[in-house]
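Quick one: the structure is below, and I'll ask about it shortly.
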């Protein structure tokens, strides 16, 4: 069964399970992460106090760690909730926001990687490279130009992703103009999405929350769930861009259209727009 | 004078007093709470540092405690600002977000209830039941299905609300498909609102901020102010849903339409849409 | 060369440099500040941990301190990042949110002013007066009526701004119905903007982030960059109001239109709408 056939079940599982997803996020994008989770038919819980997260997360179906805020209490909450989710076998998604941009962030990142088993690690190519190599050239939260995945270096990038997946045990999701979704044996490359998405804050954070919903409802097929998630989210971005142009509006309208199209996404729309290739 | 006649004065008081309302909120919905306060013609102050809140809150007309974040400094700020508002006779609204979902949250809740006299306590039925009984079955921030208020159990629910109001001294506002607004003697049941409101984060938090504005401008008639607030907010949700369908948009557009209709709300529109019944 | 001629270069520098601007903000408006930075073609970094900000801010082109949250770790982060930006010669913008409203806020304000050299200080007239005099009458985050700049007291206000600029070394930007942008020798008065902007939270915070982008890309001409920033942002507000009326929408739509028009702003649109006068 290929990924297009599988997508019916993947979307159906979300609608039926209505997964409750625990997100630890940050002051910039917490609202966006909660809203995109709801848009997909999931239910967000955003608890972040170290003493509440174990209770809260036990009642959820999955957990997303967004590293955008590395305050001590939050990091403790990430660790405690992450371990609890590992114990009960729920998927944990890591978004290593800003990896490589500051020693403090890097220290937190490696502490999380050491203590928590992740089902998925999703970031831009600079962040993912930093995880693999411990060095990088990120400026702020955007990927460095020199790191970008292109048609020319795609095979090297896929090989890199497979090795990192083998090392970490997590599906690796590298976001960019070309997305790579890979476990240690199989990879998808995805050419959905639109450059306009980088003109709105939180589009990466929201994607990690989207992965949380897809994975929490599709435990048995994390790789394919991630590929459908990334492709359909990117396609929603394409539709949003089209509507922004048609309405002659701007970046704030684009942001609204993006969430709107995610809220309308289903297997049929996905199949009409997905640009996925198995490698 | 019935509530429809009274609504003229209730809305007029808001426009004339332009109440400044102090909200202690959380990273997910602080922006929404501030914007809904402004949409109604109030002015929000969102100060949360323990050492600033007493100064700040003294210059305000009312105070809303949203328990979505239970970090120690915030809880201290809630307590200090709550006591100060009690001293100067300003209304204090409690939104017990997540009550029952974690021991930590419950501890904070009962500390607040012990130390602050609330004018209004607003939550979903699971949260309110937890306050009354100390037990419950909340999953995350949404009400449990088994707790829901229906036409069948409505009399029991009203009786329950009246008793809790008598015990706490606060108007009790239970949100759901059917809303109950009750003091110890009188209750309203309200059938405004739309299920789509649960597909956007912060619609409950925003309602508590709405109550803050209505109460801060209508000190002498908290019960009726709450009933008009809940009904008109719910009706704004109905209008927003209608516009979402007409524009074939999605959940992010719905969120915008909701705040838009709140910003246009007045006594006349309220009277045209309110579904309130006195019990 | 007058400011209209200069505006071509000012906008061109933003598009070419794509400045990365570090903002330390608050839970209410962090998302808005990040999105307005992106709307202009800048790139936001919102890091706020004391141990990460020096690393992060070194890779940026400018720094905006929004004083909306005065939690200790954030204040330490503001101080460390501010000093670092002073060392490397990057512009630092101060938004003294709530100055005068609480002793705690005032203490933080004067600690920042003592330790950091600001390129720009932007606030409403009550906040700016408080900086100059150490006293004021702010209620919450809005300016006091009695402080407002009018055509009658404008010369006194300009003189006041020039003196404060001389004292602090910063360009002073006073926001209101009439804006004043002044260094110690020259001032602009600006009559763009619309009252509707005060019905949305964060319009002041967003303007400070806008100033961050304009200044980070125009180091050699901070005064004129600020004047173009304030005027074009205000004009975007006028266009947004017009569209709100045309679409018969409300305050949430206005907020979106505002950011939309900022994302479409350029020297040509600016020249068509600017109401700037040199004094």
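Should a chain be cited, it is by its letter among A, B and C, assigned in written order, with residues numbered from 1 in that chain.
Note that in this section a contact is a pair of C-beta atoms (placed from the backbone, for glycine too) under 8 Å apart; a residue touches a chain by one contact, two chains touch by 3 or more.
A quick note: this is a predicted structure, and the numbers were derived from the prediction, not measured.
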Same or different residue numbers at the chain B/chain C copy interface, by half rule: different
C-alpha-based rotation, chain A on chain B, 0 to 180 degrees, nearest 5: 120
Distance from chain C to chain B - Cα centre to Cα centre, in angstrom: 33
Junction residues of chain A - those touching two or more other chains: 26-27, 31, 255-256
Complex interface listing, chain B residues touching chain C: 20, 22, 25-27, 30-31, 34-35, 38-39, 43-49, 51-53, 55-56, 59-60, 73, 255-264
Chain A - residues contacting chain C, complex: 26-29, 31-32, 68-71, 98, 101-105, 139-142, 198-202, 249-253, 255-256
